[in-house]
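Both complexes shown next keep chain A, but they swap its partner, so chain B is in the first and chain C is in the second.
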Partner chain A sequence: MAPPARYCVPGERLCSTEEATAGSGTYTRHGFIFSSLAGCLEKRSEDSGLPVVSVVRDAESQLLPDVGAVVTCKVCSINSRFAKVHILYVGSTPLKSTFRGTIRREDIRATEKDKVEVYKSFRPGDIVLAKVISLGDAQSNYLLSTAENELGVVVARSEAGVQMVPISWCEMQCPRTHTKDFRKVARVQPQFLQT
Partner chain B sequence: MPLDHRRLRGPEESQPPELWAAGTGGVPEKEEEEDAAPQDPCALRPLFARAGLLSQAEGSAYVELGGGTKVLCAAWGPREAAEPGAAAAVGGGRLLCEFYRAPFAGRGARRRPGSAAERDAEREAAAALREALEPAVRLARYPRARLAVSALLLQDGGSALAAAISAAALALADAGVEMYDLVVGCALCRSPGPAAAWMLQPGEPEERRAVARLTVALLPALNQVSAVLGGGQGSPPDDWAQALRLGLDGCHRLYPVLRQSLLRASRRRDAAAAAATTTTA
Partner chain C sequence: MAAPELLSDEGYRADGRRPAELRKIRARMGVFAQADGSAYIEQGNTKALAVVYGPHEMRGSRSKALPDRALVNCQYSVATFGTSERRRRPRGDRQTGELALQLQQTFEAAILTQLHPRSQIDIYVQILQADGGNYCAGVNAATLAVMDAGIPMRDYVCACSAGLAEDTPLADLSSPEEAAGGPRLVLALLPASGQIALLQLSARLHQERLETVLEAAGQACRALHAVLDRVVRERLREVTALLGD
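Now for the complex of A and B:
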């Protein structure tokens, strides 16, 4: 049987900073580590240095897209200058409410940024892997970028409504009508592909 | 005379019921006589708190003070900020508070429910709630997000704002929002009269007659005051300082109850999650 879990409330003093380092769900003040969540106390011992103390809640933690995180989003509208997306997943955890993001025309590709056409890279309804480059200022949404080989369109439907198959880094083909469409395709790592 | 079987025949003589009523008055007209038997000004009303009762909100709490103040509060975790306004420039999240008073809440309500004066009072209470809660929530961890808290006053028996502050803090902690500490609220009031003393957690009649009212919100573990709300007339400054000290003492005494309710709610949630996974597995 696992030892009885110790529950703590926000503001509870856990230990001093000399005995452990602060992990997630905690904060330090006046040389002590305090809990920041109402949940279960977890103490993990690291080989190098002090054990790490963190507080976890078994419910799904509310993640916010952070700078540098790879997110999965769905394109909702496109423009000649940018594409607007809804962010659905951060990493592999689904978000409870969608956040809005923008992929600017110059962030779609790494090379030949001025020759990019948004209409030939994304279409509304595509599922796209992107990376967060900025949280955005007061007026704009999250800024995303697909300027890497592993980022771009993963799932797209053709006009016939069938899921398209990627042919190259810039083309996808519909298996039923055999028409080719332009997209900025992501080269998904083989371990993530399910065959 | 023929008997009328459809009627119930009562007794021939009748007596007034007050002869048989219990000696201690539950009758409202006897309120003024309570002054003669002064309550202990440092006595706290019994507090009942429970967190994690609503299923439709991410976090919720219900706080009831003995004597009839009932507040229900719900909190929602980070959502996308609807209009990124000035707060987004600061770089933290936003806390949106709402305070609603149920139409059946007051006994002899001072304002008609639904009137403009009532809505103004609600808005003021919501602003007070936000002022008390903002220092306790780690808004820097939720950039560009908004956290929503909604408090509903079901019955007003005095000290409603203080109960709402405690309930809102419990609901936020129950929703999994990162906080520096829980916020405990305590109300005080001072009745008219030259030598009147400050009283903790007044009831509704005392609050209505009070000359000065105060609500104090404290972060107990860090020992920081997050808000001092209210006001009144006619006391020297040391009197207000003493009132503040009394209020903070009351908050410290209320904290263990709130902490226990939160721990119980965490245990209940984990037990329910464990039961759900064992049944599906």
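Now for the complex of A and C:
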């Protein structure tokens, strides 16, 4: 069993900014680093000079999607101009409550953006890998984009209710009825595929 | 008007406390498993429960979302069985609405809201038994609940009330002492930096007495901080032991 770590509480002064840099769970004020969470103190030494001081909690608190993060979402409705999705995972951590996101028509593909049809790229119920491009403004939700080869639909069900198999970057086929459906398919890296 | 003696000749209050003595405090964190953070506190006979959800996406009107920080949404309610006479409306009247707004202002000063833009943090305070210092107990319970939820805070927020009996300042007023009609000062303090998050005064207080009463309230808040700190550290040890680290 590891020796008991040092516990800190919000408002506790940890050290000065000359001895270390502030990491997560801390804030700086008047040249000193204070803790902002109730948890265990962690000191990591960086190669570039000062060690990084951070406070970690055992139970992970809510993670918010940040710009540039790859998220897993489920399409809930589509429109001729955009698709509305529920963001379920950020990276590999599940979210406790879902966030709403929007994939605009021009952000679905990188090439031939004006020839895109949303109905031929996503359908309600698809699981999609997307990247956050904006936190949105006062009126809109998170803005997502699938304009990369590794982003797009990963799981889709055909009208027969069976999970479809991807055959190209724009088509998926149902294994039972052999009908082909159009989707913007993600090229998942081989190491993430489970057989 | 013959008011009941707040301070006896020997210097004891009606419930047997010394003027600067706080009531007995019992607190627990992590009372509910479903909420992100929760806490329960008893200060004498006043019992308060606080539950925190968040930070999560804005519910309701998205236009109220702030682009650079989180919105702190507070609700303060007193249970119908909480007072000596059954309350008609647990919340929705003007007084609880004002206390909810004060809670919001207090916690916006303490929570680092810049870390979670365009999201919402909900704090619900329920007073189960009201025996003086209701708002203060609510603030203390909410501080523990916010810490339990893992929301980054600048410091603890410790709140305490103070009053005056002739020339002696009293700390942590109970319900009969509040009803006596004297001045009542409520102070919410961030102990490490000594910054005041909220200062409220009811009835009248002479300007020359303000310093002493404020000092008494400050001392009481710092004593409260020591108690809450013990509770939080105990909880940290408990959680680490449970998770087998």
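We take it that the second predicted complex is superposed on the first by the 194 of 195 C-alpha atoms of A that agree within 3 Å, B and C clash if a C-alpha of one lies under 4 Å from a C-alpha of the other, contacts with A are read in each partner's own complex, and residues count from 1 in each chain.
What we mean here is this: a residue touches a chain if its C-beta (ideal position, glycine included) is under 8 Å from a C-beta of that chain, and two chains touch if they have at least 3 such contacts.
None of the values given here were measured: they were computed from a predicted structure.
Chain B and chain C, once both complexes are superposed via chain A, clash. Shared-chain residue A:70: touches no atom of chain B or chain C.
By the document's definition of touching, neither partner reaches A:116: not chain B, not chain C.
Using the contact criterion defined above for the overlaid structures, shared-chain residue A:136 touches chain B and also reaches chain C.
By the touch criterion stated above, A:52 is placed in contact with neither chain B nor chain C. Legend: residue contacts after superposition of the two complexes on their common chain; A:13 is shown touching both chain B and chain C.
With the contact threshold set out at the top, residues 5, 7, 9-13, 25, 27, 29, 34, 36-40, 57-59, 61-62, 64, 96-100, 135-139 of chain A are in contact with chain B in one structure and with chain C in the other. Of all residues in chain C, only 36, 54-57, 62-63, 65, 67, 112, 116-119, 147-156, 190-193, 229, 232-233, 235-237, 239-240, 243, 245 touch chain A in the complex they form.
Residues 77-80, 84-86, 88-89, 136, 138, 142-145, 173-174, 176, 178-182, 219-222, 259, 262-263, 265-267, 269-270, 273 of chain B touch chain A in their complex.
Here chain A touches chain B in the complex through residues 5, 7-13, 25, 27, 29, 34, 36-40, 57-59, 61-62, 64, 96-100, 135-139, 142, going by the rule given at the top. The touching residues of chain A, when paired with chain C in their complex, are 2, 4-5, 7, 9-13, 25, 27, 29, 34, 36-40, 57-62, 64, 96-100, 135-139, 141.
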